[in-house]
Every structure is written in structure tokens, then in C-alpha cells.
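By written order: A, B and C. Residues from 1 in each chain.
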Amino acid sequence: MKASIHETAIIAASAIIGENVEIGPFTIVGENVTIGTNTRIEAHCEIGVTGGTISDGALEIGSNCLIRSGTILYKGSKFGDGLHTGHKVTVREAVTAGDGLQLGTLCDIQGFCEFGDYVKLHSNVFISQSSILGSFIWIFPHVVLTDDPHPPSEVRLGCRLSDYCAIASHSTLLPGVHIGEGALVGAMSLVRDDVPENGICVGVPGKNIGTTENIKFKETGLQVYPWRRHFHRGYPDTVVKKWIAEFKNS
Amino acid sequence: MKASIHETAIIAASAIIGENVEIGPFTIVGENVTIGTNTRIEAHCEIGVTGGTISDGALEIGSNCLIRSGTILYKGSKFGDGLHTGHKVTVREAVTAGDGLQLGTLCDIQGFCEFGDYVKLHSNVFISQSSILGSFIWIFPHVVLTDDPHPPSEVRLGCRLSDYCAIASHSTLLPGVHIGEGALVGAMSLVRDDVPENGICVGVPGKNIGTTENIKFKETGLQVYPWRRHFHRGYPDTVVKKWIAEFKNS
Amino acid sequence: MKASIHETAIIAASAIIGENVEIGPFTIVGENVTIGTNTRIEAHCEIGVTGGTISDGALEIGSNCLIRSGTILYKGSKFGDGLHTGHKVTVREAVTAGDGLQLGTLCDIQGFCEFGDYVKLHSNVFISQSSILGSFIWIFPHVVLTDDPHPPSEVRLGCRLSDYCAIASHSTLLPGVHIGEGALVGAMSLVRDDVPENGICVGVPGKNIGTTENIKFKETGLQVYPWRRHFHRGYPDTVVKKWIAEFKNS
């Protein structure tokens, strides 16, 4: 099946557009952009923006992606399959992402950062340059990751987030902090120090106050974390099967 | 007077557009959308977006509305008369709103929530699913309402805000909290517990520190709250008359 | 060299467009707009929006500006040379700005405020009405400047920021505070009181905890502030030469 491109969309001659791709009204696709099969790009997007510091690079977008309207993706980045964006997302240059990246409405990814697989950002998350995120991470609305320890300076100390960690709404991570695997940052916390594996950090300034294993669901008394014990929506079957097996005896 | 639709706008055949409606350039109006008389929709909007979980629903927009440019409204929602949006607002599906809703620039309403009459949100407010807001409420810039007590989980505990309450800038409401009628949440507070009627909550974590009746204007010594004592701009005459009568002997 | 205007852009007859200006696809330029030479306006912008309270005013944009896509500038404002905006910026009416203003992606400037020269706002900064900012100021992501001491009321108490101050990410400034020259506000602080010249304010609520002269770079032991000692990127040569001379003996 051929691509379905709205007549008002502006598509550069060199763009490589896979089978069954849809491109909406008033969307612009620039030079050196590759879009995988079955990907849908909605209205008012700009895909393959030049003007970043490595603006001559290519932009690669995988298959089965959903790019919601108003989204801007710079050149020089590479996204795996199943990228889902909300509306009005901006991703600057030199971003590499695995499969299943979700970027909520208004997310602002500053470029030069890395995402593993199935990282999910809710609305309006700000990711500074040099951030390195593992896989299966959750970041909730209005979280800010910073990278400059002495603003303004030329020092860049990106944050590092390990697999399965979750950062609750409205928190700020100071430059260079490491959030350990499975750790939880409470809402509206200011994280100044590293958070250990399965640790909990809350407050302004943030304090490490224990481990996630003590958090139970009120109704059932079951252990909440690691969240992959119970939260499976939106992940591939192969992944979910592994998670179920991991916890079947606990 | 007939509707005035810009030649670049894309209007679905089934859209029902009232008299004297204006629709700006590069705006898209989808199927099953009803727009009331005298409503103005500016440029670069998308009205009646599909893709939500109940995307086959209709979208109803009342009369005398002003939808500023870049605004996105999903199908499956219903807005009363006098809706005013700022720029680049996003409202997902299954939202019901009374008359006079104001949504500031960049507001992000996640769907499945309820607004009474004359609710006013300033810029960049995030309203999570399942939130229930009464009437005559104010929410100031960058406030976040959350709904998941154990992120990420399938539990949804929307916040509930009663009439006349005011939430100051940059605050976060934790899942399921109730803000009482006429209560005030100070700037940059983290609200964990219910705030009683006419109560004041401030701090991180938020503490209930008294009642609003003690707050006076510096210059005049007059009581500030309930704010309807003195703040009448933008409300209908019938409402303002009632408010004036309510406080004429105090 | 003549202006290069995309065929889909909509340009009002009375707009005065300088030499070598570029205007991108789906961008709208209204009446009474003046755009200086060598300025580039990207796609999906609205330049010269009416509907503000002084919507009949003109809009003046200087030379050598870069207005990134999705940006909205109201009428009634005046920007000097070298304005750079990120994406999806909104600037309401009655703003005056000197040269070299930078407004990051998603910034929301509410109108009726003043910027000196070379003020740099990172992403998603909210500037309320009546704010007055000096020159060479830095504001980092998700900072909120407020102006209403008793929300909602008719009182407007804008914040005042002096030259060379820096406000770190996710902070809130309460109405009417003055940030002294060269002062530093730490990340996620709630500033309630004035911050003295070269002072440091941190915390919720914010406390003045000393002066910036004690902050040193870890690696070199050199003094970090005033930041113009070491941070020169993006400023004109004439300015940088003065800064170098100022600190050459210290």
C-alpha cells in the first residue's frame, strides 16, 4: 500500500517514505528524512528540521510510529519503532532512542541525549542535553532534568536514569545525578544526590527515605514496586511474559 | 450572517457551523463537530481530532467562544458557551464543561474530566484524567493535578475542586485530594491532604495553616477572600449582582 | 537581495519586510508589522496577532532575528536586533525588548513587560505582566514569575530583575520581588523576599544564604560568579572585551 500524503503537506524530494505511511495537512518533511512503514504523522508537524548544530545529519524514524500534530523533530536523530508523541513535542538534534519511546504533549527534548527502549514521558517533560536514560523508565508531567551545575556555564553534567525508575510529577533533577534501577522520585522533589537502586527520594531538598519494597497497594496489600509486577499496558507481549515469569513466585 | 471560513481551512462535510462563525487559516475541523454562533476559531487549530479512546464521539462547542490559534480539541467533548482558550491548548476526549471555561496558553487537559461554570485556568496548567472541578475556580500558571497514587499503575484517583477555590502558581495536587469551597493553595505547594472549606494550604509538603478570612489587602485592610467580594472582571452581570448582594452588609 | 517568502505564507499588504528576510510555510504576517533585514521567520508562525488589549498597535522586529517555528508575536510590541526564539513561543502585546533577547521553546510572555539587552530565557519560562528585566539576565527552564499577590485580584505587582542575575530551573518568584544584580536563585526555589546584589536564594520558602563570591568551580577552584568572568558564548565581541578587561586582574 502506498503512502497517503495530504495535498497540503510539503515533502522534500529526498525524503524516503515507507509503505502505508500517512502524512497530514500542513506538515513539512525535510531532506534526508527516512520514515518507516505504517507510521502516521499528523497535521502541522515539522519532520527533519535544520538549524541545529549538526543540522546536516539525517533523521530516521522507525515503523509503526504515531507522531501527533504539532510535533517538531530535528535532523541528526534516530528513533526506533513504535515512537509515539503527543502534540506539540519538540526534539532537537542528536537524539538516539530505542523502540517504544513515548513523549507526551509539549515534551521538550534538548538534543544530544540517549533513550533506551520503552521510555515513557508524560506531558511537558524537559530533558536537558547529555541526559542518558535506560529502558522502561517513566517520567511524569512537568519534570525537569538539568545539566549545568553553575548556570550559565560551559559545563554539561547530564543526569543518568537506570532501567525501571519512575520520576513523579513536577520534580527537578540537579545536574549529574544518577537515579538507580527501579528507584522512585516523589512528586515535586528536588533531587540533589544519587538515588540508590530501588530507593525512594522525596522532598525539597530531596532525601533518600527508604526502599520501594515497603510500598503496598491500599486495597490489596500487594507490593507496588517494581511496577512491572502489575503494570503491563502498552508493552509488547514478549516483554510482559518475561515480567510475569519473573514475579510468579512472589 | 454566514460563517467566514478562510480558504486554506479544511472543514469536514459533516461539521455543523453556526451563524457568524469565523475560522482562520490552516485550521482543520473534523467530522461530527458542532460550532455555536458567533464563535471564533483562529489559525492553526485542530477541532475534532480523532485518535482518543472514544474518538467516534461528537464534539460540541457553544456560542460566543474564542479558540485561539494552535488549539487542539478532541472529539467526544462538550463545551458550553463562552469558552476562551489561549494559544496551543490541548483538550483530550470526554471532557464536559459548563459556560465560560477559560484555558490559558499551553494548558493540557487530559480528558475524562469535568468543569463547572466559569472555571479559569491560567497558562500551562496540567489537568489529569478523572479530575472534577466545580464552578468559579481559579488555577494559576504551571499547576499540575495528578491522578495516579502509585505511578505507574492502573489506579485513577482524580482530584476534586469545589467552587471558588484558587490554586496559586506552580503547585502540585496529589491524587485524590479535595480542595474545599473557597480554599486557597499557596504558590509552589505540594498538596497531600484535603484542604477544608476556606482553608489555606502552603508549603512542600503542604500544611493547612488557617483560614482565608484573615487575609487582608495591605492598602485597604479589606478582606481578600472570598475573592468574589471584589473581583468581578469577566463574569456575567447576573452573577456579579448576586455576589455584590451577598457581601453588601459585610 | 529580496525577501524570500514561501508561497503558502499569508502576508498582509501593509507589512514592511526588510531585505533578505525569509518567511516559511504556513506562516501568517499581519497588518502593521515591520521586519528588519536578514531576519528569518520559520514555518507555522503568527507574526502580528490582533486580539490583545492594545491590538491596534504596530509590531516591530529588528534585524538578524531568528523566529523559530510555531512562534506567536502579538501586535503592540517592539523587539531589537538579534531576537532568537525557540519553537512555539508566545509573546503577548506591549512588550519592549532590547537587542539579543532569547526566548526558549514554549516560553510564554504575558505582555506589558520590559526586557533590557541580551536577556536569555531557556525553555518554558512564564513571565507575568508588569515584569521588568534588566540586561544580561538568565532564566532557566520552567521558571514562573508571578504578579498577583492575592489571586485573583486586580493588583499587579511585577517582579524586577537586575542585570546579570540568574534564576535556576523550576523556581517561582512571588509578586513584586526584586532580584539584585548578579544574584543567583537556586533550582526549585520559592522566592518570597528580595534577593540582595550577588546574593544566593534557595529553598521552599526561599532563604538568602550568602553571596555568590564563595561559589567555585570544582575542577579549577576559580570563582564562578559573576558568570561573565568565564561565560562569553553568544554575546557580541564588544561586550565580551569589556568583560575580559573587567576581570583581567582578578
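Of note:
Definition applied: a contact is a pair of C-beta atoms (placed from the backbone, for glycine too) under 8 Å apart; a residue touches a chain by one contact, two chains touch by 3 or more.
All figures in this text were calculated on a predicted structure; none of them were measured in a lab.
Taken chain by chain, the contacts link every pair, so each chain touches all the others.
The pairing of chain A with chain B is characterised as different-residue: of all residue numbers used at this interface, under half are used by both copies.
The mean-CA centres of chain A and chain B are about 28 angstrom from one another, to the nearest whole unit. In chain C, the residues that touch at least two other chains are 8, 26, 44, 70, 88, 106, 124, 142, 170, 204.
Only residues 8, 10, 26, 28, 44, 46, 49, 51, 70, 72, 88, 90, 106, 108, 110, 124, 126, 128, 142, 144, 146, 148-155, 170, 172, 174, 190, 204-205 of chain B touch chain A when the two sit together in their complex. Here chain C touches chain A in the complex through residues 8, 25-26, 43-44, 66, 68-70, 86-88, 105-106, 120, 123-124, 138, 140-142, 166, 168-170, 187-188, 203-204, 215, 217, 224, 227, 230-231, 233, going by the rule given at the top.
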